[in-house]
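Have a look at this one.
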Amino acid sequence: MKLVTAVIKPYQLDAVKEALHALGVAGLTVSEVQGYGRQKGHTEVYRGAEYTVEFLPKIKVEVLTDEIDVEKIVDAIVGASRTGKIGDGKVWVTSIDEVVRVRTGERGLDAL
Amino acid sequence: MKLVTAVIKPYQLDAVKEALHALGVAGLTVSEVQGYGRQKGHTEVYRGAEYTVEFLPKIKVEVLTDEIDVEKIVDAIVGASRTGKIGDGKVWVTSIDEVVRVRTGERGLDAL
Amino acid sequence: MKLVTAVIKPYQLDAVKEALHALGVAGLTVSEVQGYGRQKGHTEVYRGAEYTVEFLPKIKVEVLTDEIDVEKIVDAIVGASRTGKIGDGKVWVTSIDEVVRVRTGERGLDAL
């Protein structure tokens, strides 16, 4: 199993959610984070205003998935969150040893 | 070393904390997240009210541990966070290359 | 590629940011978390006051990096976040399968 993590622009969350839903992705977890990439100290546009602050609000999206679906999930997230402007985000993939569904105790792919 | 991550119902945090304490787990990190699982779009009860919203508040719990304790930590979290209702949560395990205690610089199992 | 994760005292974030900047680290992601380590139930000083509460506010810092830079990044974070007092924090390293820059679609080391 794999965990796909994405840090995206907040207003791209709906597009990402819909793209994942269209793929049949069953669940996801989101959280509020702040960050910067390679343009630290340069301006980035957020809600129509230019910022030179270092940290900008971003949303972290996490999706647990069968390894077989990783590429299409990464592609869906990248496609849906791309605006073409700097700060669009980063997606990364981590290997997961085990997953458990709390309600049923199911493990592995059955827990997804 | 391993990292056990759980996304649970907020009001189960105390039970999880106590179950981990009973196992002698030394530390943990929690954060506020939002999420949905397989019943996206269906109703789920939160604080006595039914919600059809997609995202519900959850708590993420993270525990760094020696590999030898992973199974009992997973079982303790699953046991303590289970209510039997949908949305009870998900637990997953990731392999960790290295851990460091900042104050002392200790590494590996000594850092836990 | 690797992900270096640190949970540090909030007022050490600026020092960590500067230490990483001095190393040429291009980006990072931070979030608010709460946690405790081995002194759960004992007092820890936060903003000049002593707390016996279990959870204290911490900042989680995440840095995606080339494997070759992991040790110097870990050392920089540990050095910059150490005050010598309990609760200084924990740093851990996870292996990452893949990274993608959303704007360009670049993958692997090019995406960092």
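Think of it as A, B and C in the order they're written, each chain with its own count starting at 1.
Going forward, a contact is a pair of C-beta atoms (placed from the backbone, for glycine too) under 8 Å apart; a residue touches a chain by one contact, two chains touch by 3 or more.
Going by UniProt, the chains are A, B, C = Nitrogen regulatory protein P-II.
None of the values given here were measured: they were computed from a predicted structure.
Engineer: Considering only which chains touch which, label the overall pattern as line, ring, star, complete or other.
Structural biologist: Contact map by chain: complete.
Engineer: Tell me the rotation angle, 0 to 180 degrees, that brings the C-alpha atoms of chain B onto chain C, to the nearest 5.
Structural biologist: Rounded to 5 degrees, the superposing rotation is 120 degrees.
Engineer: Which integer distance in Å separates the CA centroid of chain A from that of chain B?
Structural biologist: 20
Engineer: Multi-chain contacts in chain A: which residues touch at least two other chains?
Structural biologist: Those would be 31, 94-95.
Engineer: Chain C touches which residues of chain A in the complex?
Structural biologist: Chain A residues touching chain C: 2, 6-8, 31-38, 40, 54-55, 58, 60, 74, 77-78, 81-95.
Engineer: For chain C, which residues count as touching chain A in their complex?
Structural biologist: 1, 3, 17, 21, 26-31, 64, 94-103, 105, 111
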